[in-house]
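Consider the two complexes below, in which chain A is the common component and chain B and chain C are the respective partners.
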Partner chain A sequence: MSESTFVGTVEDGEEVAIASPERRERTRVKVTRPEANQARHSFRIPVALRSRLSIIGSKALIVLAGASFPALVLWLWHLSAKRAWVSPLVLPPPSLVLQSFRETWADGTIRTNLTVSGIRVAKGFSAGAGIGLMLGVFLGLSKFFRTYVQPTFQGLAQVNLLAWVPLLILVFGIDEPLKIAAITWATLLPITIITAQGIAGIPTKWFELAHIYELTRLQVLWHVAIPAALPTLFTAIRSGLGAAWASLVVVELIASSEGIGFMVVWGRQLFQLDLVLVAIVLIGAVGLTLDLVLKGIELRLRRWQPAAK
Partner chain B sequence: MPASKFIAAHRLKALVLPLLILALWLLVSARVWVNPLLLPSPRQVLTTSWELLHTRDYWEGLGISLARTLTGFFIATALGAVIGIGLGASRWANRIVGPSFHAFRQIAPFAWIPLISAWFGGGDITKVAFITVAALPAVIFTTIDGVQNLQPEHKELARSLEISRWRYITQVVTPSALPDIFTGLQLALVVAWLATVGAEYFLQIGPGVTFYLHEGRSLARMDMVIFGIANVGVFGFLLTWLLTRVERRLLRWRPTQATAAGV
Partner chain C sequence: MKSRILAVVAALAVTSILGFADNPRIIRIGYAGVGSGNRPIGGGSYANIQADWAAIDNEFKADGIQVKHTYFSGAGPAVNEALANNQLDFAWQGDLPALVAKAGGLPTKLILANSRYDAIYVGVPTSSTAKSLEDLKGKRVAVFKGTNLQLAFYNLIAARGWKDTDFKIINMSTADGNAAILSGDIDAQVTGPDIFPLVDRGVARIISDTKGRPKESRLSHLLVVEGFAAKYPQIVQRVVNVSLKAAAWNSDENNRGKAYQIWTKSGFGLSAWKGDHDWIKLIYRESPLFDEFYRTQYKHLLKTAIDLKLVRRSFDVDAWLDDRYLNQGLKDLKLENYWPQQNAEGKPVR
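Coming up: the complex of A and B.
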């Protein structure tokens, strides 16, 4: 096969004569646009445009695929309510759930409960994050802490929150301090563990260099350890916040008279499962939002990590 | 051997802090600095534990709790591995179900308990179902990770050998994802144990190892509560320890199997 070259612009459908050096004759070729013959590597701008369009298209397809599953579930739920497959007492129809969401939103129930829960999480989380970061830094930096404190800490971490709750109740009563203490403990665990890992994972060379420059402990912490471990610290914060939110729901289920977890208990006691579902969806929505926002920030932080290395 | 000596020294050092705490505890209760109802003496806790350990109820409850945990854990393992491999191997399945799953995971599992109990009551099946549902995401997500971390060379080799999809999944994907699956199982077992404690807590309180937690709390018997906490900690630890042993055993053949799977 021989290749012929042709330089110049042509209109769509125009016939161009190309001289083939081998056949010594002129062949007439019909020029068609790349869109028409689906050929690749032809004209520049349409190709770029097309690839962009196809990226948008495939992204839309992915979003659509992701949305199709919840849509299917919702449709089945709706259908089962309409055809009365299950009693509306057991599974309230989506319309009723939506209606009770509107009502509880309008009369302020949701906002009051969310505020109460939010304040609890904020208190417990900030205490837990503070203690956890400090403990994690100590465990990560100091060999002394690692040998003497870490095993005990890990042992205590083995016992899950729910087992501590009866003890906490006997110590703190069932009021606000119990909730804050439980959330603090739940936040502290992942933050301490991840922080310690992150700091212990910093290359020893850096600490040696800091040693050569005779930096003080505080300077090492501030100029070497924290910047190097920053993305990991953020991962720690994110898991801590997730744990705080989950533990909030747990303590509010056990003992509370307000808050988003209490909404679940309350709905259950009245056997108004639509209320229970509203509260569950809210719990999920808040948890998801927190996670997505922090994940976004974390990705941004991670972006400069290679540059720091 | 210097190495074992080093490890022994390390283990001894790990005991320093607990011993210090114990000493402090002894001191505090001997001098009655804190109300003994709130902080019973170590001796009291030991006698109570000793008495409870000699009751038939304790061992029956323990058996029931462990059976619940393991049943839920095994069901979650089987389901999670299948779903995870499916989602990991098929891009479109992952795209369709993945986002919903991620959102679902954000709901604290305990929030479902009131709803589940309204649907299915508070019996044993409900408890096991709850434990399964709680442990499932951990298995699924790590399995997906494991499948997607498949080495490209293995994938290419499998493709060029034109093996069937079934053989590809059973002989290439699954063995190479096993270490990740085991990480998921570790997590799932921890969650399953937590869920057992939670299920016994929130659903109908019946026999179970966590019985002493509630009983101790309602009787304001701190010694009983401490006994309950110790049980939750010890058996949680034992379960994870056992799983690590099993994992080491099972994954011993992994390097040879990995090469064999490629061929």
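Coming up: the complex of A and C.
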């Protein structure tokens, strides 16, 4: 906690966010200031402002650093197209990809397909997350099940979704249920495993304490297990959503006629690699956005935790 | 020293005159399709007859030129990928993929017509209550998109004033579609003669086909990569000539039974070929000519593909159909009057 800086102006008894450069996260502490310090108050504002500016500056730097690599790739791609290193039939120039993006956006292709895919992921993910969280909590709390069932789950997680598809087709057919089931399955596995680990990792002392206080099982779950495992639960949800989005493309490659994954197939069948690239960039961008949004929610929700772990 | 240089120059001159230096080491030929169970052999046209004879292999054996035949289960779209990666010199392929690739900038020339009047069939599971195409509206119809099946199906429904959005079209390879008919996962499949074995087994029923309607049917061709043709025109001519011999043999009614037998090596039985070919004279079906029908139909297909946004831009079809090798071959083999010309409607002129 060295070199902690205050962010924002401070009033007596107000909660203040402390940004620690080492942790890159914010925690809130309650501040009480003696009356005598009031005199320094006016002097402190510029400091706070300066530190806020420096935070904005460093954030901009992080974004810039993150963007520099794609920019480099884009530049190489442009150069490759210009100098014809690769046949434009195999790797279309960025300008053509941009043009097809504009066209497919204007004629509604992108929106239609994104909507279809979004609904599939929403359904599959919510089912998978619900089942996965329940299973994970169950596995985490019960040593018996952890011993007998956990290894099986770990093993199943090693099998790629593609390998399950033939089996899933036999059970669910090739329509929407197949897609939802595949996404549910892909979501469920990481969420179950990470949740179970998170719950199992809670110090036993806490449960012992709960036992002394004679808390009911439900109370233990609500007041001890879930708050303690919250950071891990969020990791579980995030990797679950990542898996759901990634598996979407796999299921849409099979017997599909719409969706963002189908755009890849379609572009390939029609020999329009620019369409394939548009779809790939979209898949990446949407996946990244989803992850960033969840990360944001996580940070916001975890603020109440005093110096989380 | 001088004499040695002279000797080398002389040797080079001699080899170039004899044509040794002008020969490729290998000729790579692609086929847009596979037999039953992915076996590397097909059926249904004279392309498969020449392959069965190993006609091209034998033609170039004496020159020490290797011939490599590749069959693509991904059909025409997969052939395009191989062409783009410079892995093929020739390809036996169907109409839509070739149009898509040409419009996309793939430097190809069509050098022989391979088949026409190539009907498509709409099959449904035997248990289906559908009796006509009309009953399939809003239902799951499997089509191998990007192949000439898709374009023919569009023309079939367009002739009735319908659109592809009237059906729930699912993209499936031919083999996957056959399996999906069996499992009842789809309501119908748009496909070729591979439907007949399913009918024989009692699992499928044909509710519509395009027999006798050439404008709603498929075309196929032999194409060559421009760079290869520019470098080795005499090789292209020889490939065309041996293929023409197979076409002439296959167009002879006396060989109908034998041709069917050869095609059964694809794994699709006799019923497939009887069902698909019995109704039409082979001399119409197997004509290699770029006649009025073939040219008009290709232009029509290009326009349809553009309207459907399957192809981005138009191009000159007449310049794409390069009939120099064909005409030379017909002359060489004295086959100039063997095949009747077909008019724009697909009817023989004489």
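We take it that the second predicted complex is superposed on the first by the 226 of 309 C-alpha atoms of A that agree within 3 Å, B and C clash if a C-alpha of one lies under 4 Å from a C-alpha of the other, contacts with A are read in each partner's own complex, and residues count from 1 in each chain.
Basically, a residue touches a chain if its C-beta (ideal position, glycine included) is under 8 Å from a C-beta of that chain, and two chains touch if they have at least 3 such contacts.
Owing to the predicted nature of the structure, the values given are computational and were not obtained by experimental measurement.
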item: Touched partner set for A:V276, first chain B, second chain C, both or neither; value: first
item: Touched partner set for A:G108, first chain B, second chain C, both or neither; value: neither
item: First (chain B), second (chain C), both or neither touched by A:N160; value: first
item: First, second, both or neither for A:P88, with chain B first and chain C second; value: second
item: First, second, both or neither for A:G287, with chain B first and chain C second; value: first
item: Which of chain B and chain C A:P203 touches, first, second, both or neither; value: neither
item: Touched partner set for A:G296, first chain B, second chain C, both or neither; value: neither
item: Contacts of A:R268 with chain B and chain C, given as first, second, both or neither; value: both
item: Contact breadth on chain A, by residue count: chain C or chain B; value: B
item: Chain C-contacting residues of chain A that also contact chain B; value: 90, 169-170, 265, 268, 271
item: Chain C partner contacts - residues on chain A that touch it in the complex; value: 87-90, 169-170, 173-175, 255-257, 262, 265-266, 268-272
item: Residue ranges of chain A in contact with chain B within the complex; value: 62, 65-70, 73, 90, 147-152, 155-156, 158-167, 169-171, 242, 245-247, 249-250, 253-254, 261, 264-265, 267-268, 271, 273, 276-277, 279-280, 283-284, 287-288, 291
item: Sites on chain B touched by chain A in the complex; value: 10, 13-18, 21, 38, 92, 95-100, 102-104, 106-108, 110-115, 117-119, 190, 193-194, 197-198, 201-202, 210, 213-214, 216-217, 220, 222, 225-226, 228-229, 232-233, 236-237, 240
item: In the complex, chain C residues that touch chain A; value: 77, 80-81, 84-85, 97, 100-101, 104-106, 140, 142, 145-146, 168-172, 176, 180, 183, 185-186, 310, 312
